[in-house]
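Heads up, there are several structures right after this.
Okay, so chain A shows up in both of these, paired with chain B first and chain C after.
Here is the complex of A and B:
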């Protein structure tokens, strides 16, 4: 019995499970305390099962949709645009890094600005972008793109720079053409860095697209969030959104990890 | 050196552009001169409203730089007040979060069986969008104080803390465990207890990683502070000021606050770099 337990504790997922259980217990204890002391406990900390029930209930929260339907339909609106911006920003970031690597002059010109843009709180710009474009969907894409652009660009550039001199020398000995050096050496070397950049960018893109919603009452997750917080509809919608966006944030990180695993064979060998 | 090969200049001289490219002084100077030229061109385009025609906007939504500067001067005392509110949140959150993250990383490094899972849970916290966390914490901190300013401050600090703790925890764990080859074995040969290994080996090894974490979390803390201000109960801070002014269609004032936010970011980064160069002197 004891041995069996030991095998169990040595499993990789065991400690994660332990911590998740601890978190759930802490949440439920908190919920019990809140339920007994607060007038409207569901505003502060509802029980987890209450949130799950709200997710599956068939009561309409808006005109014709249940809570889950409402969350999912506005999530589609928000996250698709956020995803579009994310892909766009990541692609631009990668190309940017590539161009900076190819041209020394451009790198010198742009690198300080790449550092600078990291220090600018881009989400603070969200209202201005909305004012300039005038269209909430365009601004969702733009903000998500800007936010995903710079982590990808800086990380990929760092990846290009991490290539050792010996590899260049080898390529020189092989008389490799420049485009071969890029496809065979530089881009594979930069891939792990590129994915690190994506992992940093993904939750930011989700945050950004939700945040942009709250600026204008035109549908979307953020809009639903603020409506629910102001008690225009059931407060459980708010909790569903909180859990849903947390889930999406974590899931996107995982999916990027899987894609990385899929496109880098050298990772599978280990 | 007797074997030194002397290269004779053969054939035609190098072209002017080639010689400029290989000139050491030019190489050094160009890292400063080229971005500067780009910046000046950008400012020029902005001031002459070329940028406006590119983005199909007007000087009302995208005011000229001198106007933004003028407004920053005019309302400097108000800007200062909001800046202090934001910086306080970002700073306290950063400090508490980093210390907390480091402690968790230390625990995980000492007791890897239980700790590693804790780290992945912490990592999951990092990918929770701020917009989901800020309103929750607003609700949770309702009882902290009767003063709306104080309690919204606390909730903002907690959000920043969580973000920074995740960042620091993951990086510091790498610093505490990815040791130089055999150094851990050496400590074992000395018969060093866990505590000594921690103090003499792991912690010094982790310092560069701490700065790697800070390089990400300093800008992130400011951005998180700004976003959580959007949801905070008490209206204060640079982020909130940006939003309030946009709502009132006072775009020039909003731009003044955006410029302030950028300044805060840059100043914080410079402070961090100075600190790093002082503390990491022996690593260079």
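Here is the complex of A and C:
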């Protein structure tokens, strides 16, 4: 019996299930407490079944859409902007890491600026970016890019730096040209680090896109979210968005993991 | 010996001085005059800090000499390196995780611009030679330490280098694996007729493998003796039990300068 339990606990799905169960229990305990103490409990913490009912409800929350339809239709544009910003940020992050690896001077000059940009709160950054670009949608993409690029740049740079001295010595003995060292040694060595950066950056890009939606109107999850919080529509729209973004965040992490798995055959056979 | 032998590597008053963290000069190596013949198996033997690795790296162009010079086939180490005539085996296998064993062996050939077919054929041949044929499509993290070092050796031989430089290649391996690799290395050396420079701090290992053992002593690092190892070849592990082998081991041990180390 005990051994059987040990086998079970070693399974990955088992720990995931346990984790989800604990989360549900904690949520529901909280919801019960809130239901008995607050005047409008659904504004603080509704029961999970209430959120699920809201998700499947056919009641219209806006002119012609149910809550789920409203969330999904807004999600499309927000996620597209987030995705564009993420790809842009990841690409720029990789290039920055490469440039900083190639030149120690550039690394010393650039790195403090990168950290500085990271320190400015998104809500402070947004008006500046908007003033520069003059277009709210472009600036939303750029903000997602700014948040994505830092983890990608720092992780990729760490990957480049992880290459041992012996590997350089070996390349030196082979009389390898610098570009060969980059393509055959440094970039493949940095790849797992690059993916780590992507995994950190992706949920940040999603969160940032939702946040910057709230700055101006014309659609997006963030707009919907703030309308819901201001009680311009059902509060359950807010809760649906919370669950939807968490789901997207987890899914994106998984997808990046699968891509990494796909391009790194050596990790499969260990 | 009456036959005239070609000198492959010649060092003249070779010296290397480093600066330590406090900015003081530390003499790693001084006044090394050494002639190495073509096809010879030479061991550089000594305790840590005697400059044996520094000597090897100076020959490989990985270290610039402070004084004196190195000539290899009448050229500088740099010229020889640029012609890709060196093979180098490090203490660690230095394999690339993301490449299969075979692709690891092919890497120097890729850099040198061998055609795909040629690379593949040659890598197969090298893997056969080191006994890793069945592991060609494995990744390094699937191999034992001994197998990784075999792959490393296969890679060094892949380019068909004139000179093979080995920096304590077996020191991280267990005794059984090490003895097996000793025999294999001698077999491969005999078949390929390379000049091998082998760095070790293990006296038995040096005596068993070499034609000559160069004994280096520390503080400052210098060449203190060269001992001829005239044990008949091919050698098998039984050689180690002979009294002559042990005589030579004692002779090498006694030629260290600077007392007990």
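Structural remarks
The rule we apply is simple: the second predicted complex is superposed on the first by the 242 of 270 C-alpha atoms of A that agree within 3 Å, B and C clash if a C-alpha of one lies under 4 Å from a C-alpha of the other, contacts with A are read in each partner's own complex, and residues count from 1 in each chain.
Here, a residue touches a chain if its C-beta (ideal position, glycine included) is under 8 Å from a C-beta of that chain, and two chains touch if they have at least 3 such contacts.
Note that the structure is a prediction, hence the values are computed from the model and not measured.
Look at A:164: by the touch rule set out above, it reaches chain C but stays clear of chain B. Looking at the superposition, the partner that touches the larger set of chain A residues, chain B or chain C, turns out to be B.
By the document's definition of touching, of the two partners only chain C reaches A:266; chain B does not. Using the contact criterion defined above for the overlaid structures, shared-chain residue A:131 touches chain B, although it does not reach chain C. Residue contacts after overlaying the shared chain place A:26 against neither chain B nor chain C. Of the two partner chains placed by the overlay, only chain C lies in contact with A:180; chain B stays clear of it.
Shared-chain residue A:255: touches no atom of chain B or chain C.
Judged by the touch definition given at the top, the superposed model places A:16 against chain B, while chain C stays out of reach.
Look at A:222: by the touch rule set out above, it reaches chain B but stays clear of chain C. By the touch criterion defined above, A:207 lies against chain B but remains apart from chain C after alignment on the C-alpha atoms of chain A.
Only residues 9-10, 13-20, 23, 43-45, 105, 108-113, 116, 118-125, 127-128, 130-132, 200, 202-203, 206-207, 210-211, 214-215, 222, 225, 229, 238, 241-242, 245-246, 249-250, 252-253 of chain A touch chain B when the two sit together in their complex. Remark: chain B residues 30-31, 34-35, 37-39, 55, 57, 61-62, 113-118, 120-121, 124, 126-133, 135-136, 139-140, 142, 216, 219, 222-223, 226-227, 230, 238-239, 242-243, 246, 251, 254-255, 257-258, 261-262, 265-266, 268-269 touch chain A in the complex. Touching chain C in their complex are the following residues of chain A: 164, 166-167, 169-176, 180, 184-185, 188-189, 191, 264-266, 269-270. Across the complex, chain C meets chain A through its residues 60-62, 81-84, 86-88, 90, 92, 94, 96-100, 107-108, 110-112, 138-142, 159.
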